[in-house]
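I am attaching a structure below and will ask some questions about it afterwards.
Labels A, B, C, D, E and F are assigned to the chains in the order they are written; within every chain, residues are numbered from 1.
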């Protein structure tokens, strides 16, 4: 048994090379690389299942890039809080970076990933995260009182669907990442930590 | 406060009429109705979000109708066991029906939904469900020993991905159904309960 | 290791033949068979311990066939909800059948066994099941507020005793059935599923 | 709100006077009082339900006073360990006293009620309590490996039934006592604490 | 494997003899022995780490012997309730004895260790223990509502700090005792059980 | 109710000014400030209780700065893993920074705080953290098998004490920080994130 820290692969499962991927998937990945400067490992790790890859990102974008009353930063808060509760390394680190960038706040992601009850958020955002965590950890108990609490903060049915839908989607995503032992790119750990970072 | 049992709607959220849906969604729903004789409520309840509807069913079909070593009945076993653990009424009842039909077995779904450890399944299927339940309830603890146990039963990496992927997808689906209070069609309760049923 | 589904026995423990049972137990069993058309496996599986058999059914009948404000259907709701939470295959399937018959409702048992919060029941019945589930899963926390909530729905002390007593009795029964791996008779799976069934 | 410690009644529910009880119950209670010097509160608190009283004590005696390989002290160990886990004040205090007396050991009950893994017991008794605790807290997971572990310590099927049966019976009893807020007699706290006590 | 009950050592770890201890520690221990008539095992079991010994007892005394609105008996109630929840044999038995003595009440410790919700305490003490248990078992959820509930019973900020501080200190102490398998002195089991004991 | 993010204080409780502190405490704090460039909030938040402050840091230093086979980085790994599990914002952020510095590794703290099973650590460190997490979350179950697993990796009794002692101390510290809602200094979020940082 070696006692040096393992140089862990990005996934337990097969990761195809770019040239072996279907063209649409390769192109999407190259576009992400162009924009971000690196390829988030989730794109590479899902590519061995093209149909699942396409459905995963279509679903992700439908929830995360949708118009509506939740800001993009708030959507990332939901991802980071629930992923912390589900102990998903990739999601906490990668979406933590996006959250810092969206909110232009270098400390918010660490707060929400560790204990959202102690984070610098508004009471409305606290109610949003209380509901997201309930959907994530005990959705079977969701009932009228949860909806009333959200409506008291001005959330409408579309907002409530978005909150719960994002929590549900990342319940799936967290499990996929944990079963793969998906490793986040090192770049994500630093992104958005300088207060004035782009 | 009324004391009569509520005539509950199929979902807490808006359910569009068929004519108000995008054509591709309406056509898919009509095709399902043609084949099944009724429209499973999940199709109606997701239709108010067309992009999510399309991604959801694309993902579902990629996992459930894929070739590979798991039979269609075994895929439904995974759905029913994890949905029982997540207390998802729609998924237990609707996929319980499909499981009975796939396995031509009128009692298997009740067994697996209630306590899969007491079900009439093979040791290989038991190992499959042990892993599916771990992904569903504590994916953060998945490690090498889980993979070794599955390989000892002849499962390869593609099979292991399928088992975990289905468990993860229904972790999402169970949460969506619970947040909607999605009601299963009454038809599902009876389907496949006669041993010789089609 | 065989890979065919096991033809499981009705209990892990010895099951005496009818002729080897004490006369009073044999007679009770034959009377049940006469009435139901089959012998529920619980009667056979407890018969190797005659004193426990007698006490078990005396206790069961004292709680389930007692007069009082709870209907027989409501008593079965308590059994099915708590047995689902305790993952007791025999109790969910056998008492699910009785519940469908008592309530003349082919879908109520699947609802209550899977997630009683989503079932077609009255607010009074919901309060009854909330208390029954608390007694079943965390009786150590029962306090004045639970009694106040029940009284607000018109339950008196005798009713509250009945609800808790049934939940407590089946906490025992669920554990006995799980330690035996008691299998329900196949007949129970279908009983009461036709809306007009007797 | 009064701030003095409440002089709590022995039960939340009605406690009949001796003269109002059926004769057989009154006689049993007087016999216990004759033998013990006091009436354990459980006898008084169950007496308002004569049929349940009779079934409860018949069941109790069938399990606790049965011949077989488990000593009477070992049977009480099962009661005390599982009642501690279920936070049942009456059962821990009353059966703790009986355990001290049976084992002629003034410290064993406090050990087993608090953390049986730290108690002065034999490896065979540890295996017995591991199984009893599994039946008490997660009987749905009982499987072949549990039986093999018990058999390795020489327990036969009758012993295994006894262990599980006692754990199951007190799962009921603990819940009844907690729903009643049943108070133990003060005498029990001291009984058996002097090493040479009768 | 021997089947006789083990004569367990007081700790899994090294226990130095009095003459091998630093002088200040030996003197403290002799003073305790002088006062109590025996040496509580915690003093001996921590002595192999003199710096930790000194810090542990300095911290203990700062919290337990401080002036303020909580009585010494109430401080021990916090220790006994949280130690019962953490299944710490040493702490339940040793501090249970001190609690009986402080409160001149032979039954209070058994009540609070087993289920503080059933104990003969004032509503103010119940609120104190509710908060202590929350700090002990789920401190991450402590929020404004907890402080409001305590203030409604007249607790000020210093009192609230004391309650939580004691619960936190014994969260540490319980873990140390459990990792050592620290055994309580036999004397503690009996102390304070006679109503008129000093 | 304001909807802007709260500018939260460093603690729910009183924080004395430097001039109001006892001289020894002020001097210790100034020395920390001199060395670190800022005053970690834990020093300020504990200062209103000088005796507890002194005991806390004496205990901390006895465990964290002790010689022995565990490196200073490994000691911080224990803190970060258990503090993540206990959702302690201050401890995860402040000790995460120290861990990055000790290990000269900008990503290790995020890994260990989120899911230590997925971290780049040696098998020996994994065994260390498995034990630390058991002490932190279910110390009552610690037994011989845990010690055997640690010894198989070469840990001796002093090492095992250190691992468990640190886990126990931070079980206390996490609870104190959560009851205070202690906020970490913003500086900690960035420290050690540049690979070549001092």
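What we mean here is this: a residue touches a chain if its C-beta (ideal position, glycine included) is under 8 Å from a C-beta of that chain, and two chains touch if they have at least 3 such contacts.
Just so it is clear, the model here is predicted, and its values are computed rather than measured.
Under the contact definition stated at the top, the chains bordering both chain A and chain E are C, F. The chain pair with the larger count of C-beta pairs in contact, out of C-E and A-F, is A-F. With centres taken as mean Cα positions, chain E sits 27 Å from chain D. Centre-to-centre separation of chain A and chain C, using mean CA positions: 43 Å.
Shared interface positions of chain A, defined as residues touching 2 or more other chains, are 87-88, 115, 140, 178, 181. By the definition given earlier, chain contacts exist for A-B, A-C, A-E, A-F, B-C, B-D, B-F, C-D, C-E, D-E, D-F, E-F.
Against chain A, the residues of chain E that register as touching in their complex are 140-141, 143. Those residues of chain F that touch chain E in the shared complex are 12-14, 49, 51-52, 54-56, 58-59, 61-63, 66, 86-88, 135-136, 139-140, 142, 147, 157, 161, 164-165, 167-169, 171-176, 178-179, 181.
Every residue of chain B that touches chain D in the complex is listed here, in rising order: 115, 117. Those residues of chain B that touch chain C in the complex are listed here as 1-8, 84, 87-89, 92-93, 106-107, 110-111, 113-115, 118, 120-125, 178, 181, 183, 186, 189-190, 193-194.
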